[in-house]
Amino acid sequence: MEKETARIEAFSDGVFAIAITLLILEVKVPGPSADLRLQLLKQWPSFVAFIISFAFIGIMWINHHRLFTHIRRSNNTLMILNLLLLLGVSVVPYPTAVLAQHLGQPDQRTAAILYNGTYVVIAIFFNVLWGYAKHAHLLPREDDHATARKITRQYAVGPISYLICLLLSWLSVPLSLFANFALAMFYALPPHYAVRRTD
Amino acid sequence: MEKETARIEAFSDGVFAIAITLLILEVKVPGPSADLRLQLLKQWPSFVAFIISFAFIGIMWINHHRLFTHIRRSNNTLMILNLLLLLGVSVVPYPTAVLAQHLGQPDQRTAAILYNGTYVVIAIFFNVLWGYAKHAHLLPREDDHATARKITRQYAVGPISYLICLLLSWLSVPLSLFANFALAMFYALPPHYAVRRTD
Amino acid sequence: MEKETARIEAFSDGVFAIAITLLILEVKVPGPSADLRLQLLKQWPSFVAFIISFAFIGIMWINHHRLFTHIRRSNNTLMILNLLLLLGVSVVPYPTAVLAQHLGQPDQRTAAILYNGTYVVIAIFFNVLWGYAKHAHLLPREDDHATARKITRQYAVGPISYLICLLLSWLSVPLSLFANFALAMFYALPPHYAVRRTD
Amino acid sequence: MEKETARIEAFSDGVFAIAITLLILEVKVPGPSADLRLQLLKQWPSFVAFIISFAFIGIMWINHHRLFTHIRRSNNTLMILNLLLLLGVSVVPYPTAVLAQHLGQPDQRTAAILYNGTYVVIAIFFNVLWGYAKHAHLLPREDDHATARKITRQYAVGPISYLICLLLSWLSVPLSLFANFALAMFYALPPHYAVRRTD
């Protein structure tokens, strides 16, 4: 029951594009009465949360795109697992807004745990999707095993790394966010394998 | 006056992707003043409503995708009927938010009736769309009648099942929501027919 | 400097899909404290405004789709004129929300004028787009002139009809909205010409 | 590690389409209690900000489309640079809303600086994207150098022109906004080169 992946990619692109563009709606607009410059400066937690989340979703999209240059066939389970990943991505504006509201406030630790925790879950879903695609033989035959193993290794680091960010929340919230952002930068790097696609 | 279905699918994908991603906007962000952990826990109705609606729209998209692997030609009536289905899908964030606001409150029955009732209507629209496509001969000739009949049978269960969920709202709101979620899981299962598409 | 219209159509589909799905966000969710059933009933103006606007944007999309089965080439001016049309479409949620807020209130006439007036402008933009495409020879040569003239006649009725809706606002707001909805239904009808596309 | 640009364009189209359609959400709907006509007139700053931003994003999309008729191959760096540009585009609704809230108010200069400053940054990102594509040889070999140089010259004007708008904010806020709008109109003009694409 294999099908083409084109419409899955189109639907996923839509969810990624919407989630990343909705992020700005959570940055509240200062009211017309007060000193604007001061109010804008006070909004730094919103800007920090916005930038980290934008980087995360954007890099996530690049990696999703990368995966699907390898995944060539689709089936029902893949669609469900991809939907789980999209659930995680579409949720991101919520912990982002919670973090923006509480960064620098007494309850910032709880907000950071929620934020980093969301990313742990998304990283796990990402690995499950890739793992399934590999084991269900949805990759083309021409894909050599060395390449697939390299990707597996690169992505397997994800859940553990975000778990470390989560644990860092107890030590220092700013440090955990910095580590989170640094991770996005790491995944922005080109993977050390050549993408070979036949079409 | 038959045309290709590509742009209908693209437009539908857009509406599905936006509706599913807008759901998170209805989960209100706790204000900066109070105990965050407690406030997050108190939001459980929002999370429950979010998850059920996400599952519903996501599975609905998979099934819409499935239908359109069979529907190969389009005409004006099909576009109108598809628009009716999209009307239902785009409405979902509203009953979801109403449910989130009232679950566990005195008026939760009314909210559950509105919620389950919306799904009854969408399930009917879905069957009307498929029924029309079949009777207007928009499926390819190669599609054997046994396959079409199997799909018809699987989807015909929809309106009746969601009607049962609706009736369960009077007995127990949690039970009706659980049944609603179980139904989404049922429709996530692969159909017992092979998808044969010639291109 | 002619180019293909594929990316224009994709971008337009996006704007149409988002505008139509955002409409539901303007239907306010009743607060948790009051009698829900009563509050839902009191929201009838929101539902009326939602339905009319959904029908308008949906039918508008079908007609945009129809136009672009004829428009085969693109240039800079066409992109600008299409952008003007999308400006009109993306604005729709605003007069819809204003109408929803004021229908049945003392100021409903002003709201209806704004609402119908928006549609007059959009209908004009639509005709300008089609008129330009015809005169700039962006239609394929095979398109016979009789077909193009039929389309021209059908769409030329638009601005005048919505102007009549606008004028009806002074006579009776409900009547003007009913006429507006009836117009959407008229444009939902298949045009009385065969679409002949070569690819 | 070059890949096709189709999915980058699709994702970018999504972000552009969503950002441009979200602009209207920032135009606040007048409450049901007061004189509607007066309230609508008082909203002129929202309408002014909306129109300028719509023009900017729309014209930006046309130019992004233009660039990608030249960029034929993609790599990791191009995706990151494109993401930076999309970051700028997706941010636009925020300075637009700030401007709408403060235009005609004591703090309008700060709002205009934020607004024009955002556009300076976006214009820089746009030039960086094009500059990289050119130097990384992502354009097809058939593209003659004269054409590429013409595009470079047209876009290089962008950051400087928006910087002048920014500086005009200190002299006169209305003038700076008028100049900003005039710039969008300038970039709406067709470039003085023929687009030759082989496919």
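So that you can tell them apart, the chains are marked A, B, C and D in the order they are listed, and the count of residues begins at 1 in each.
The rule is simple: a residue touches a chain if its C-beta (ideal position, glycine included) is under 8 Å from a C-beta of that chain, and two chains touch if they have at least 3 such contacts.
Only a predicted model underlies this, so the values are computations on that prediction, with no experimental measurement involved.
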Between subunit A and its twin subunit B, rotation from the CA superposition, multiple of 5 degrees: 90
Given that subunit A and subunit D are copies and touch, would you call their interface same or different according to whether over half of its residue numbers are shared? different
Could you work out how far the Cα centre of subunit C sits from that of subunit D, in whole Å? 26
Take the average of all CA coordinates in subunit B, do the same for subunit D, and state the distance between these two points in whole angstrom. 36
Shared interface positions of subunit B, touching two or more other chains: 10, 14, 18, 22, 25
Residue ranges of subunit B touching subunit C (in the complex, touch as defined): 1, 3, 7, 10-11, 14-15, 18-19, 22, 25-26, 75-77, 79-80, 83, 86-87, 90-91, 93-94, 97-98, 101-102, 105, 107, 110-111, 114
Where on subunit A does subunit D make contact in their complex? 9-10, 13-14, 16-18, 20-25, 27, 29-32, 35-37, 40, 54, 58-59, 61-62, 65, 69, 188-190, 194-195, 197
